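Take a look at the following structure, please.
Order of writing sets the labels: A, B, C, D, E and F. Residues in every chain begin at 1.
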């Protein structure tokens, strides 16, 4: 089973969750060691600039997912 | 009730508020501790570069919301 | 009266001004204290990297406004 | 006469020049003092990261200008 | 054989892999020395901000690839 | 002869090369001195964050070039 079978989601909220998943997967592909990523977590989770940068990546991925879903227009 | 039931808003201003909400939600998902986020607030709210970076994220999310609303064209 | 009644403008130059307004409003929403923002101004207005970062945000918002106006095509 | 009468240009190269103009104008609007901007120039013109950041802003504005010109498709 | 014969992929997951490839190729074009790139790897793979920045680039390239594939809509 | 006669290319790979050219040209326009740019090269070519930032700019320009070529869809 693929970790990314489709970009289509039922709701905007699920689409946002997918955007977060897309953002994290790129980090995982560059640093596959789970322990290494866990060690960095307290660092960036308590740094405002890192959190803003993370939110930026989610925003870019959410653009992609939203477009893939025609913005969930009714 | 979902925190993000739809990307459609009645007005551009409401769309801008939604873009801010989207920007903050990604931060909250990475740092769910309300106190931790509150502690960082004075830091980035008084740092010009952090504020510019925050505005950048809102701008990206506003692109998404504006497109979802066909730019509120009359 | 809304601060953002519409994304439509008569001219590209007015659209650019609106992009600046959108960029500044996100800063204001995060740091509503006028004095705090004024104190930061000399800092970022004399820092090349801050100015470039500001211009980046305007560029993103101008994309949105230009699209909303069909790029003011004649 | 407006500094930005139109986003349409005759050629891609002129469109690229317009993207540079758009990038610089946002800096000028934030720091209107010509001398202050001139003082910063040697600093960022000799800093690789500042130059990359400047190129990034031009790239975003060029997206806008290129779209406004239908990518100068023949 | 080109390293980039097409932007079309069969699945979203393959598209994501292509976005990673596009992100890395630009680095390789600027720093073609394999050893130099290998030396930098432990540095950025253990730096949260570098990882977030890498994920950002993948997100931008994934927008391009997803659009090229009409978001793999069924 | 213009350095940018068209955004159309025959293949995705040529499009990617054009994106690199667009990214470098903005640097050249800001710092026209060839020697100054050459002096900075070892610095950013051995700095992971600079390389990631460079790749980001290429990604943005590649979006533009890919769109101009209708993503080289067959």
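The rule we apply is simple: contacts are C-beta pairs under 8 Å (C-beta built on N, C-alpha and C of every residue); 3 or more make two chains touch, one makes a residue touch a chain.
What you are looking at is a predicted structure, and each value in this text was computed from that prediction instead of being measured.
Of all residue numbers that take part in the contact between chain B and chain C, under half occur on both sides, making this a different-residue interface.
Chains compared, chain E against chain F: the Cα-based superposition rotates one onto the other by 60 degrees, nearest 5.
Separating the CA-averaged centres of chain A and chain B is a span of 15 Å. Between chain B and chain F the centroid-to-centroid distance comes to 31 Å (mean Cα coordinates, whole Å).
Taking each chain's centre as the mean of its C-alpha atoms, chain C lies 27 Å from chain F.
Shown for chain E are the residues that touch two or more other chains, namely 44, 47, 49, 53-54, 56, 60, 63, 67.
Taken as a contact graph, with one node per protein chain and an edge wherever two chains touch, the assembly forms a single closed ring in which every chain touches exactly two others.
The touching chains form a single ring; listed from chain D in the chain F direction they are D, F, E, A, B, C.
Of all residues in chain A, only 11-13, 16, 20, 44-49, 51-56, 58-60, 62-63, 66-67, 71-74 touch chain B in the complex they form.
Against chain B, the residues of chain C that register as touching in their complex are 2-8, 22-27, 29-31, 36, 40-41, 43-44, 47, 49-50, 53-54, 56-57, 60-61, 63-64, 67-68.
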